[in-house]
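Lettered A, B and C in written order, each chain numbered from 1.
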């Protein structure tokens, strides 16, 4: 109940209003200032520890690097003549080991893969067919793929047979020198105990090992498989893991190469790295770790464009490893540390 | 021929689309040999629209019932049960949302942001209690508001709030209303909803701060009747203004007031008012000059308030997430802070770095909007204080003991204090009525 | 209803002022209601997450006013690759590709893994266990097809006037959608 209204009401009222306003203002300011020093996100998906390689595991150092002759480099190979063959854009370039371009083949479409025989024949893999060139660069043959949807991503030859890895049909085709298909390797076949290749992104590679068996990467299963030329599965190794000794992410390894003593060089994308395993599949060392491929990591993770990321590797007669960075179209030459 | 071509064209388009859809995927769609059928994700439906309208219908029915209980039936018990029903339905069942207390924010948000269209049910929730208050007083507060009902039930021993404190704190609801409306109008957020202390109890979950605040209000409500309603509720401020113009006032007595003063202490909310004392001829001149000074002060207060409000603008704007992000981005360039991996701060800074120009332009626009909004807000506060001072200087025209027009919650507690009412109810014979003192 | 006390001069003047104020207010309300009603919608609004803008920050699990967040992970099976090594299911460094808890990414083991045929596995979400933390969403989007995404489930959401998650979302991914189309489901990988 209100007493008779008097002057004193208003003065006290003014005072109280001012004090209340001051308190509110302080409270508001205090609340605003306690907002955030960043606290940790307990649900963070943290793969950053895999981006760094233990320096003790890195056995190679970079000697030099140079740009590929063209942009959109995809594959490189080293022929028996110790020359480098680089697929970049619509061209296949034959380079000396220091990067000087010798021969250049202009193709009608993107150059996807390449292999060279001892007699100088160059097998150029375009997306859906293979073209055969002689040592001087003249085209001698064109081999079609038996399948309409083909994507050749890897070639290997020992001079007699040519093996073409088809990433879409999930098989390695065996061609003879005349272009006739002599067999299919790696396709799913329950009777022959072949589980089949899983190739989510177009990176299927094939390599002829010095032990007489083929090596094919099976990226979806994170394995490397060894086949006879007739297609019998002899051995399988590989483990899925983001850790250094395993194959990371969705689909790795993406490329294979061989050192002269039979050890295998593997390339991965996602966490881009090049590693060395023994012929039986035991992890040995790292050639170049994820820290040395920042553009590659960015392409696959931030831009979500793993199809255009990737690495390829080849080994020369002196044991130097050439790494092709598909994102930057550069070739790096790596040499074993002393 | 043409039809076949069209068919082939359509088929080709579908195949192309299928290819394009799958082309973006890292992993191609599997083809299953075993006859496995790909399931679809479930989509549990939102609350159906007819239920929203049913809520509005119940709301209007409750309002009507409250009006009838206050003015026709004059029953405290009926109002008690109605408020219990409202607490159960609008409080614990509907979890206190949509509620009229926050709805002016929706209305203002809808007025200033063309992409938001106010749903019809929200309009009903916002305007119906005000319309009712214009005619019949704060029937909403008495019988329909679940927050009010909760506080009512917590009331154990009402303590009298000193009048000067009561008058001073009664400005707060208007400040809160102004703040809520400028934050809604600028699209920053709904601060009235954010700081409603009772809704976490209805939801049975909430953060530490808001639950503590709610508990504090409930504890205070045991002794100070309806603390949120009297000193903070922004919608209550609107209802108070509407109720001042009410056609049918809440009256303690069903007929003539005999000035027996039995109802003086009966209001637990400090809303009972006595008749104005007789005007002293000598005092009248001083009173009128006081009123004149207060009226002259009013525009000064408005201008001063507007100026003070405009000073507040940068701080007020910080509450908007875009402005806060822009400020964080700018300070990150000069004094970088290391935020944790994948924390919201780190992620929002990454997003900001993609297009800083757009963010900074948007933040500058918002700051500009806030400049105007805070100017209005400050002027509004000045107006509220000035009008309060004028109201305190105006001689009330009361001749009876009656509840304050704006502050009465129409809870009907004072009715049975009046002997006339007791006679009407048949609780005592007419002969026992006290004579006027 | 009792009449108001009658007629001295000041009361009548005040009554007149009150009537005027009432009329003015009703007119104002009518104008406001009319202005808004032309733009008003019959449909109510509900909140929903736009998967294209979601940054997988984990706020959905912690900011919802409910104890168990109304946000759950949803699986767009049509986009899924059904991989043996699901990067949304398995932790980055699994010991083996089994359902053992140490190999799983989900903190509450809310994803069920079922073998279909070689090499395909079905991954489905148990909504009772899911807390909406987006760890699996991040894994799936970063290395997989992106078929896992977060959505506000409307059998749980209270549909607050101001969504506490929307307020704190760093990607501004939570927005109002009409209640008759309350979901923004993913149909493609990106």
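Convention: a contact is a pair of C-beta atoms (placed from the backbone, for glycine too) under 8 Å apart; a residue touches a chain by one contact, two chains touch by 3 or more.
Please read all numbers here as calculations on a predicted model, not as lab measurements.
Counting C-beta pairs in contact, the pair that comes out ahead of the other among A-C and A-B is A-B. With chains reduced to the mean position of their C-alpha atoms, the one farthest from chain B is A.
Computed centre separation for the pair chain B/chain C is 24 angstrom, with centres defined by C-alpha atoms.
Averaging C-alpha coordinates per chain places the centre of chain A 38 Å away from that of chain C. For the pair chain A and chain B, the distance between mean C-alpha positions equals 59 Å.
For chain C, the set of residues touching two or more other chains reads 56-58, 81, 83, 138, 143-144, 190.
Multi-chain contact residues of chain B, defined as those touching 2 or more other chains: 26-28, 342-345.
For chain A, the set of residues touching two or more other chains reads 41, 43-45, 200, 220, 250.
For chain B in complex with chain A, the residues that touch the partner chain are 26-28, 163-165, 167-169, 171-172, 175, 264-265, 267, 270, 272-274, 277, 290, 315, 318-319, 324, 337-346, 385, 388-389, 392-393.
Contact residues of chain A toward chain B in the complex are 1-5, 7-10, 12-13, 16-17, 20, 24, 28-29, 32, 35-41, 43-46, 48, 200-201, 220, 250-251, 306-307. Taken together, the chain C residues at the contact with chain A in this complex read 56-58, 61, 81, 83-85, 87, 92-94, 97, 105, 107, 118-119, 133-135, 138-139, 141-144, 190. Against chain C, in their complex, chain A makes its touches with residues 41-45, 47, 50, 195-196, 198, 200, 220-222, 240-243, 246, 248-250, 270, 301, 304. Considering their complex, residues 1-2, 4-5, 8, 10-11, 14, 18-19, 21-22, 25-26, 29, 32-33, 35-37, 39-46, 55-59, 65-67, 74-79, 81-83, 116-117, 120, 122, 124, 138, 143-146, 153-155, 157-162, 164, 167-172, 176, 179-180, 182-183, 185, 187-190 of chain C touch chain B.
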